[in-house]
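Below, subunit A partners subunit B and then partners subunit C, in two separate complexes.
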Partner chain A sequence: MSPHDAARALTVEGLTVDVPGRRVVHGLDLTVPAGRILALVGPSGSGKTLTARAIAGLQPHGGSVLLDGRPVRRGRDVGYAFQDASASLNPTVTIGRHLAETVRAHRRGDPSAALTRFGLDPALADAYPFELSGGQAQRAALAIATVHEPAVLIADEVTTALDPITQETVLDLVKADARDRTVLLITHDLTVASRWADDIAVLHAGRIVEHGPTARVLTDPRDDLTRALLQAADDTRAPERPAHITGGALTVRNLRRELRARRRRTLALDGIDLDIAPGEAVAIVGRSGSGKSTLLGALAALDRPDGGTVHRDGRDVWAMPGRARRAVRRRTGLIFQNPAASFDPRHTVRQVIAEAGPYTPDLLRYVGLDPAMADRRPAGLSGGESQRVAIARALAQDPDVLLADEPTSGLDVLTQRRVLDLLTGLRRDRGLTIVMVTHDLRAARRAADRVVVLDQGRAVDDLPTGDLDEARHPATRRLLAAVTPHRTPP
Partner chain B sequence: MALRLLSRLATAALVAVALSAVCFGLLDAAPGDPAASVLEARSGGRPATPAAIAELRAEMGLNDAPPVRYRRWASHALRGDLGTSSMSGRPVTATLGDTVPWTLLLTAAAMLLSFTAALAVGLVAALARRAWLRRGIDLVLFVMGGMPGFVAALLLLYVFAAATHLMPSGGVSRPGEPVTAYGLLAHLVLPACALAFGHHFGIYVRLVENGVRRVKDAPHVENARVRGLPGRTVVTRHLMRPGLVPFTARLGAGAGTLIAGVYATEVIFSWPGMGREAVAAARAQDYPVLTAIVLSTGLVVIAANLVAELIVAALDPRVRTGLADAL
Partner chain C sequence: MRSDPLRAKGPRRPGGLLAVRLRPRRPALVTAVAVLAVLGTLAVLAPLFTSLDPVATDTSATSLPPGSAGHPLGTDLLGRDLWARMLYGARTSLLVGLTAAAITVVLGMLAGGLAAVAPRWLDGLIARTADVLLALPLLVIVLALAAVAGPSLGLVVVAIAVTSWMPVALIVRAELRSRRERRHVRAAYALGLSRWQVMWRHLLPGALPPVASVAAFEVGHAILTESTLSFLGLGVPPNRPSWGNLLTEAQAHLLTGEWYTVAIPAAAVVVTIIAVNVVAGAVSGPSEGGTW
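Coming up: the complex of A and B.
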């Protein structure tokens, strides 16, 4: 590194951030040289995002943030890519207009080059944000954040909502872009950090507890939190089998479902055959748009397929009378990706649970929550707590099948592990049948006996979780490759 | 886009046809025999013989089936012949020609006043940091919301004309004097204000306020700030453009409400428009005039809705694609 490069660095000294009533970030010191990627890793609530916002000038703070020894200029020196890309773009304005207004404000930058840099066709400038897929929207947001060539790019959980293959594409592009920039990668996922970051800083309760080159942090962690995060990332213990089985059986034959949105038609399910035995835990994995959630809707007897049959305990759910079908639905617990959105904000936790079945304090105890929480409202709950309440609600209706749609996406790794432990414990103790849709292979390994891989509406692989690494189908191999950490030997 | 526009125009035309059919129905169902009235008018008030009436009925085609008569009426209407006033004997179109421009002037002024004021007050209410300012706006809107338009009109009349003589109390010029631009403006202020700030005004303020407040903390506004865009761009493009969609979507219906208020306002302020004419025609049971006024009011509302829809489509691309899919 030449002396010139050494001078080009982002330096944070004694950074403090207060929210009303308390201090969240306690005197942070950090130096990131140009051309390097630093991953700021930590569980939810550790102050990662507030630190990033303070650096970008979005948050009032104490201490100093310097670039090459002078204070950063807000809007000029730091580009910021938000977690939810499509919400971070104005729905009434094209991508091209977003790029052009930034270029005009700073009198530098080239919109087409920015789009190309992030692997997008410059013709996409004419598109509106809502016309893009999740991966395209995130890449467009990154192009918009960097079009005026800021010295620093902050990528704040940019891939949390993306499937692993899209995540790989996006982060590879960020890494390529980092050649002439300082990149701050905010993430709760050490696997992401290990593959794409040069350095890792672990944040815990507003303090940096560990900071060093990626290889060193991974092989020789010095803090307990780092060890816990590493363990959670590596934990692939197979789930325990239930002692006695009470769950229901699901059989799907030649299932077809066409989705008609506006004038587009998509074949979401294209002839799926699937047998799920009582007490089995099955993970359905695949990329976004592979038909996972549509399949789950069909299994729940909520969404009527265009062809094929869904059998529950040997009976065709669409051939039975409506009353019997509603009884089947009552025996099916549903857990959603965004539990908070599935709660009525005016209800208390007790009312949320009671809408599914009789409330007892034991339900909350079982999911690891304090029964005193029953009178709180969902708005005050954390992501992990919300998901536990959702599970308690599903249990209140005494189901024999539990269907979960991405139950852990959006949660940090430690919370993810607790929710998955809860699901596997539930099956062990109650013998329920569990079907979980996820794009996270780690979650699949952790909670399922069997993995079904969907690709473009077809089940391309169906194998025991233990054999996942020997899978042959290209779609499965692609998913596996996207989450394999590239560890540099120490 | 041209295709979408055409489809909207076609819908508007269809609504206009339906409206004209209803108007014709009203006219047809009105009591009294047009043939008898015509004969009465010709003979200077003497009642006509049944034979003469029957003869004229046949001549006027009044014995034909309703669809035939509707077609004849509509084709006359399209050529600018809406019949004659049974009160004055003048062609109805001449009466409309005298009164409609005054009403259009008044409603245009009131709309401009109402919508720009709602925009300004709504933006202040959404973005003001001072709590007393927001509460003050709330209070004023609350009082205005409880006040029917004619009460507001009488109050304005009392305060600014009767008690203080600051403003002329009615008409379009001083009695006996010709209409001048300045005099017209002075006479326009009170009725336009009465029409603009009726009980519906608060709804528009709320639509602006809530729309803007909802996007104020949206990630895309924060994103615009963090990219260092000038404050003006952030407010106009990233806050107002998506934030004003609910407000503009309501403008069409708002124009309708406003035009409905024109009848009482014109009577109170002696404004020589079609609202006052309509009230007079209703008293005199002058159905041809009344029907023509209902028809032209309806056409203005249809046009206003069309314009409002186009404004929304220009603001929000999601509506544009929705329009395309509706085809």
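Coming up: the complex of A and C.
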């Protein structure tokens, strides 16, 4: 372990980063003392990741990045944990070899200590990245980033893809690890920053618009963007009820579904009973692997259950002929998790929408996009834009049931708010039935009037959104506890 | 308003395999089409471009270099005019090359597409048949076919198609199988599309770019295979010129200074392959910016 030294600090002066054609980061100044966690917060495209990459020496940049007054040595001084751990690890190499490689390159570090530090069994060194769960992979990536005891750890959106309970575990470990080093926590989630960071720097269009201790930034924000971010995060308006109801009804009885992989079988749904009335907005929440997405696939009449029935407006969808079932699917809008992958990469936005129903520019306008975007291809869309194109496609179907899988995950709070406003507005204006899968309880409160909690394939709780705080089931309590924004004493 | 798939198709540009996106501002494509058109015209109207007989020998004008009077591309050892032989050879080579490649690709796509959607036993049957045929030497199969049908130009085309559809089929099968698992294919099913619509709009178009590359290769392969078969007396009469024949005959001259007897027909084959590659790439639509 490197000795704790109060004089050590990461100093960034006049940092600029250019991408071909334009400047993305405009003269950034930052000082982070050792042992502190600085959260770099900002909407997508504000330059957070480029700043972090520049500090790590992975990106050509202007200005100076100093550690204790001397230039940062690439690799040696900065450990970098990436957003998508499973993609940043080599799938053909064990975790142990990843660790050993770093140790050999820097001639220091203890692989098993690094794993233990992040709550992993040292025996996991023999595992391959794809054998780990999302949370384990993320912790392994952090262990690899810190095995050679760098003075600075950059955690770039390390918990964006994780459910709140796993996120809590991972960030608690990062915080414990920060005693010995400077941590730069990159996130678009102010709740994360408020709970785990000592200082917050808000980044907007490549400039720091606000920088201060967490408590001060949260209680006394000085910049408009900070206020907007805080407001969006605190948005607890209840969804408005539709004036007239046109939506469809869904009924699920004793639904069972087994997922068969090459070697193992998982019971993803274990006897689910669920009634969704026309015009209702229901949020299905739960940890990763609780069966949420599988349930959505069954509700969409896409996956045939291994047991039980799915009724749509009183008719069993798996007892009807294929043609009628396809008609049911046409009346069901389905918004996928990671919507960009749900568009044919060869099609333009116009073709993507026209496949669901007649294309009109009004569809894009309704979701807040420029109709000029119709000729773009999916690869050129940002996360928020993809999400809105997915909603526009679902609208082109003129559905009476809208199913959305994690519609807000991976989006910054401002975009999340726009997407949720869009969904609630749709229900209010058109009387659709909405079923939304999410691990974000805040989004559930904002867009749903009923919450169904799944745990290991069972529906363990089913209650109005307003009663969420009084929920008794341990699985629900655990989810609630993990997202409660509370300040840890400095 | 409910959407139905027929109406949704209406005013749009044609989708799927019909989506030949011939944009005006694509110089490479325009050039490639022009090259193929010129080659085709030269072949069809060969007698208009030369007065010489491609098989007539002229002992007074043997082994002339290109640029000689009356013989723009020179003559071979027997005094046959190379320009005339190239023109008439184009007839055989383009006919065999393009037809055989087209049949190969269509046959391969049908077999591969069928294997990808068929029940397991049929998939296995098609895949194993392809494996077995890949393992057998081409000539054995062609000799067997010739014994039954007798030598002809048609036999050459059939023989080439029968012995080269396997790579196309295996590529198409593998592409379709991997694409089936893609999220956007699931999204297409979720929109209420039938299996055929998904196949036609999302799976096959995605599998086209690698097939387009193979198609261009197959043209060259067919042109050369034709000369091999003709040499064995299984195709066109050996004295009838084709680019393949010209190349086979010219092999011996490679080191004797008469390089042009090899270079000219070889250049013609290469130009054809490149032109077909460009056109096939355009027909298969924009790539995903991926591997091909």
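Here, the second predicted complex is superposed on the first by the 481 of 490 C-alpha atoms of A that agree within 3 Å, B and C clash if a C-alpha of one lies under 4 Å from a C-alpha of the other, contacts with A are read in each partner's own complex, and residues count from 1 in each chain.
Criterion: a residue touches a chain if its C-beta (ideal position, glycine included) is under 8 Å from a C-beta of that chain, and two chains touch if they have at least 3 such contacts.
Source: prediction; values computed, not measured.
Asks: Pick one for A:T102: touches subunit B only (first), subunit C only (second), both, or neither.
Replies: After superposition on chain A, A:T102 lies in contact with subunit B alone.
Asks: Between subunit B (first) and subunit C (second), which, if any, makes contact with A:Y128: first, second, both or neither?
Replies: A:Y128 sits against subunit B, while subunit C stays out of touch.
Asks: First (subunit B), second (subunit C), both or neither: which does A:R117 touch?
Replies: neither
Asks: For A:V93, using the defined touch cut-off, is the partner it touches subunit B, subunit C, both, or neither? Pick first, second, both or neither.
Replies: first
Asks: Report, in rising order, the residues of subunit A that make contact with subunit B in one complex and with subunit C in the other.
Replies: none
Asks: Within the complex, which stretch of subunit A touches subunit C?
Replies: For subunit A paired with subunit C, touching residues are 300, 302, 322, 326-332, 334, 336, 338, 341-346, 351, 354-359, 377, 379, 396-398.
Asks: Which residues of subunit B touch subunit A in their complex?
Replies: For subunit B paired with subunit A, touching residues are 218-220, 222-230, 233, 237-238, 241-242, 245, 315-318, 321, 325.
Asks: Quick check: in the complex, which residue numbers of subunit C touch subunit A?
Replies: 1-3, 7-8, 12, 15, 182-184, 186-194, 201-202, 205-206, 285-286, 288-289
Asks: Where on subunit A is subunit B touching in the complex?
Replies: Residues 56-58, 73-76, 78-80, 82, 84, 87-94, 101-102, 105-106, 128, 130, 141, 144-145, 148, 262-263 of subunit A touch subunit B in their complex.
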